[in-house]
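Consider the two complexes below, in which subunit A is the common component and subunit B and subunit C are the respective partners.
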Partner chain A sequence: MFFYYLKLGAVNLKRNPIITALMVITLAVGVAAAMTTLTILRGMSGDPIPHKSDRLFYVQIDSGPIGRESASGDPDPQLTYADTMNLWRAAKAPRQTPLMGTSGTISPERKDLAPFLTTGLAVGSDFFTMFDVPMLEGQAWTGAQDKAGADVVVITRALRNRMFGENQSAVGKRLTLSQRELTIVGVLDTWNPLPKFYRLVGSNRYGNHEDYFVPIEYAVRVESGIEGQVSCTSRPDPGFKGFLDSDCTWLQYWVELGRADDRQGYLDYLGAYVDEQKKLDRLPRPINNRVSDVMAWMERQGVIDNDTVVATWLAFAFLGVCLVNTVGLLLAKFSARPGEIGVRRALGASRSEIFSQFLTEAGVIGLVGAGLGIALTIAALAYVRQYAQDIALLTEMDLVMLFATIAISLTAALGAGLLPTWRACQVLPAAQLKSQ
Partner chain B sequence: MIRMNKLSKVYRTHMIETHALRGIEIDVQPGEFVAVTGPSGSGKTTFLNIAGLLEEHTGGDYFLDGVNVTGLNDNQRSRLRNEKLGFIFQGFNLIPDLNLFDNVDVPLRYRGFNAAERRRRIEEALAQVGLSARIKHYPSELSGGQQQRVAIARALAGSPKVLLADEPTGNLDTQMARGVMELLEEINARGTTILMVTHDPELAARAARNVHIVDGLVTDFVRREAASLVAVA
Partner chain C sequence: MEVRPILSTLFRNKTAPLLIAAQVALTLAIVANSLYIIRERLASAARPSGIDEPNIGWINLSPIGEVADPKTLQDIDLNAIRTIPGVKSAAWVNMMPLTQSGWSSGGMSLKEGDDNSGLGSAHYFSPDSLIDTLGVKLIAGRDFTPDDVFEHDPDQGSALPKSVIITKALAEALKPGETELGKLVGQRLFNAAEQPVTIIGIIERLQTPWSNAGSDGEQSYILPIRYVTGSFQYAVRSEPGQLERVMKEASETLAKLRSDRVLNSQRTFAEIRASRYANELLMAGLLIAVTVFLLLITASGIVGLSSLWVNQRRKQIGVRRALGARRIDVIRYFLVENMLITTGGVLIGLVLTLALNQVLVRQMEVPRLPIEYIGFGMVIMWLLGVASVLGPALRAARVPPAVATRTV
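== the complex of A and B ==
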């Protein structure tokens, strides 16, 4: 009977075409508003690396001077060079990586390409394994190259295509970066996690993914330019060495632990480290270390924009208003058919069969509304993409959101159809048949 | 086929009780053609609605093909209505958005027949009323007489034991009415019991038996001869 009801639902779309069109449009607009904001919210709040987000930890040490603590009591989001390197060299976690934003000018060998400025990351070799960075060809540099600060680089597929052309191997070739020649050891496959959880400080969280990756020791050795946030509580001594020795915080640090439960052990280690540093007249504040897993770090960094949360609530409230209107329109549509209901009842339809038929009809309206809603959502996301570049990458509607749109539209239509359908079931057939 | 014992129907509001039927006793045998007559407001339609399980009676018993329908729930009544009864209405009551095939298909869907069986029955029923060629037409494309024939086909498609007709020729001109009446007689001749409400004494006279309802009470007559009716106890 379900397919019979579906067929009837499709046939009855043509009945009262104006009311039907109004219902579909009302539903579609409400669904599109809700799904547009939800798509963006999902992009912001989703777990970007679900299978290991509870084992990847962002490390903070409260390294500033006494008397200049933040109002929230939180430690600085970044580390000093000294602490970063101490932790990294100690290598107490199964995997760990410092992380520093950098930039440089690439001079292509091709004569038709002008030199261009681009951004990159200086990291440890564990970075690629820790964050499941997919390799298209080649591999990350070795631990030895890490320590030596070797002249090696991993580039993205996009940069490879730009420099050497698509489907051209780049591994082993040379890349001139800020007038220094580096050997390309690996090429990343497309990798644009959203939000850019591995670098939430001092960078666009929803885009501008880096083009190249170099060993951090290399970046320090060549005094590479820093891209990102630098925070100092006192003026550093002159020169790059002075900067490295200063209390400025500008590096980020991640560790991957074997199990989520190992977090406390690592915190204990950090506590011991701070105690050691205090003996060297460093880190004067009371111990206030933080080890946050991916989701906790994203929450701490306010990745989910409050405006988006409010907008999503408002959009769903708007969908509610649309549903109330749809209820009214469905009541009008169904109340015009007591004669048909009477006939069907006389011919053997039970109340439950009438209920199923009319609810299915509401579902068909929901499906059509979903179709239009998807089109409107895609259009709205395109509009957002055009006018809000910083969240442009969050405006892609994937399959999950596509099916969610259909499900929400269908659920909304069925919900809106309950009252009108119940009313349709109350029609007394005898009264209607005589009046026809 | 239809047996009612002291059947009554009372409509109650906050202030008023209206006795539409008062202790009706009637026994319609299989294959009978019974005309139900009476003045407006006498209770004919209420009687037909109760006979058709569209309304519940408030007193007495009603047996349809041996089944006591008193106390049956909506699903059971609907099932019984679908299997045992066919309806023909004065206003035809076809569904305007469905073509003839789909209109006749309605009761068969609720019966749960498979597609092949439904098609066979629909084609047979429409052939019986002479509308095979119009199977894809919509009701609005037919005359009143043709629409009533479709309604008859719809009623017949499920092979009901009883056909309930409420003023089946009330909206038709004389010629069309005659055609419909002849069709009903032919159906009755094949063994289907017919209970027909009518205002028209001429049509009533063509039935084998007349039931006259006045103020919710029944006077039951059996036609003994062509021109005379004899009251029965």
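== the complex of A and C ==
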């Protein structure tokens, strides 16, 4: 019977074409608005590294002078060079990496390619294992190269394609970065975690992933340009050396611990470190360190954009209106057919038969609405992608969202169909037969 | 007025009127809140930067390696730009309004030792006149002269300028309540540079690179500094209407001068503004689309259900007409009925609007909805209701009295 009802539902789409079209469009627009905003919100709030986000920790030390504390009491989001390097060299965690934004000009060997400016990250070799960075070929540099600040570089697949062409091996080749020769030791496979959780300070959070990675000691040794946020509470002495020795904060620092419970141990270590530095007349403020796991750090940095949350709320309220509207229109559509119901009932159909017939018809409308809704969602996401480039990467619709769209449309249509269907079941066969 | 019979009819057949009322209520809640957010975003994106926007562009070049004599090269660049026909003025400047990245300082104060004043400001500097090149308006004091300019090589030492020009917003924040801002000229400003500097001029407005909401977004100062490093960033002001061509020629000219630099970016101020406010405009656009669709959908719902009623009541309408009711009476019946339903919806909607606004205020730091937006929303809903029911009501008025005589 179900398939017969399905067929009936499809045929009945043609009955009252205007009302039917209105219903389908209403559902589709409501679903598209809700799904578009939800896709973006989901991209913003998702766990970018689910299997270890509770073991990766972002480190903050309250390093400024007394009397210029932030109003919130939170330490500066970044570290000074001195603290970063002390922590890194002590290496108290199983894995750890500093992080510095940088940029450079690449001069390709190919004559047909003009030199171009690009951004990179200066990190420790643990970075790649800590953040599960997939390697296409080669590997990260070694610990010894870390210490020496060796002339090595890891590049992204995109940069390799641009420089050497697709499917060309790049490991062992040279890269001229800001007029210095580096050896390529590894090529990343495509890696675009969103939000860009490893670098939430001083960089676009939803795009612009860096093109190359160099050892941080190398970046410091060649005094490479700093990209990102630099805050100073006093004026540094002249030159790069003066800058390194200053109290400016400009580096980010991550550790990976064996278990989530090891956090307290690391916090204790940081406390002991600050106490020790106080003996050297550094870090005058009371101990106020922070060790936050990935999700806590994203929360602290306010990764989820308020606008998106507001838009999602409004879009779902909009879907609500669309549903109420669909209920009304279905009511109109179904109540135009009391005669048909009366005849079926008189011929022996039970109320539950009528119920399933009309609910199936509502479901068919829901399915058509879902199809149009998905098309509209894809179009809306494409529009957002073009318009707001900083969240462009968030607008990919995956299978989960596709099924969610279909499920929401169907549930919406069936939910909207309940009341009109129930009303249709109330038709008294005798009254209808009499009037004909 | 025949309100009582209409009301009792409505109570006899509750479902459809309730649906319309619910739809009106939800629509009002969303439309009132959206309109307010839309207006706020558009107003934020329309704030003036204080510069001669239609005629200004910004060119950035990055050196590939070390540059031997950056100071001379900056002069060569600027001379080359200035000789392009249609260029009114050009200047080296460390940053531009609305670009979202740049320099800032904290602890601004007119008093010595007041390092924690909590007053921050954008930190502009240029060896040239930004009053000429950006077209900002001087409202008190004077512009810099070449004698005011100090050289600063970050590898050698600190910059030691002696004078500063501040914006009106910064002046007001430095001395709240001062009506004659001109009095600040000649006073010393602390923490803008290494040493205290003397305020020599006040400009009307110069937004910061971040252009935050409120006066924060206009607290800026300019120092007369020549920055001797390999950073080549030039603001170009063209004669009216010639910006596109001038920008193209300027970047071509600069590219021809040397081959050891890369053109990093070349943008007109209109492009800078569009990219700064893309999110605001996107949000406003999405909300406008939602509002329009919502009104259309609600209107279609009212039309649909009213037509249904008209069809169901042909017989009654015929009887009324046969008993002497005029067409206008039939129309009035449907209009009044619709007004009653819409009013019911609007009253529920009032509560919903405030509740939705409460959620937005508490969780999203959206400002509280001003009362006039709710009033405006209510008027829209009434008009929408009347406009939607008019068609079906007119159709009802055309039902001939003869219908009453036909058999059941």
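Everything that follows uses one rule, which is that the second predicted complex is superposed on the first by the 432 of 436 C-alpha atoms of A that agree within 3 Å, B and C clash if a C-alpha of one lies under 4 Å from a C-alpha of the other, contacts with A are read in each partner's own complex, and residues count from 1 in each chain.
The rule we apply is simple: a contact is a pair of C-beta atoms (placed from the backbone, for glycine too) under 8 Å apart; a residue touches a chain by one contact, two chains touch by 3 or more.
If you're wondering where the values come from, they're calculated on a predicted model, not measured in any experiment.
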Using the superposition on subunit A, decide if subunit B and subunit C clash or fit. fit
Thinking of the overlay built on chain A, is A:Phe116 touched by subunit B (first), by subunit C (second), by both, or by neither? second
Of subunit B and subunit C, the partner touching more residues of subunit A is C
Of the two partner chains, subunit B (first) and subunit C (second), which one does A:Glu353 touch, if any: first, second, both, or neither? first
In the superposed arrangement, which partner chain does A:Met1 touch: subunit B (first), subunit C (second), both, or neither? first
Examine A:Val309 and indicate which partner it touches, taking first as subunit B and second as subunit C; both and neither are also allowed. second
After lining up the shared chain so the two structures overlap, which partner does A:Lys14 touch, if you call subunit B first and subunit C second: first, second, both or neither? first
Examine A:Gly339 and indicate which partner it touches, taking first as subunit B and second as subunit C; both and neither are also allowed. first
May I ask you to decide whether A:Ala362 touches subunit B, subunit C, both, or neither, giving the answer as first, second, both or neither? neither
Subunit B versus subunit C as contact partner of A:Thr26, first or second or both or neither: second
In the overlay, answer first, second, both or neither for which of subunit B and subunit C A:Ile378 touches. neither
Between subunit B and subunit C, what is the shortest CA distance in the superposition, whole Å? 14
Both subunit B and subunit C contact which residues of subunit A? none
Could you pull out which subunit A residues touch subunit B in their complex? 1, 4, 11-12, 14-15, 339-340, 342-353, 428-430, 433-434, 436
The subunit B residues in contact with subunit A across the complex are 45, 49, 52, 54-55, 74-75, 78-79, 81-83, 87, 89, 91-95, 97-98, 106-107, 109-111, 154, 158, 166
Show me the residue ranges of subunit A that touch subunit C in the complex, using the header's touch definition. 19, 22, 26, 29, 33, 67-68, 71, 103, 105, 107, 114-117, 178-179, 235, 238-240, 306-307, 309-311, 313-315, 317-318, 320-322, 324-325, 327-329, 331-332, 335-336, 384, 387-390, 419, 423, 435
In the complex, the residues of subunit C that touch subunit A are 15-16, 19-20, 22-23, 26-27, 29-30, 33-34, 37, 62-66, 106-107, 115-116, 118, 153-158, 194, 262, 264, 275, 278-279, 281-283, 285-287, 290, 293-294, 297-298, 300-301, 304-305, 307-308, 311-312, 356, 359-360, 363-366, 408
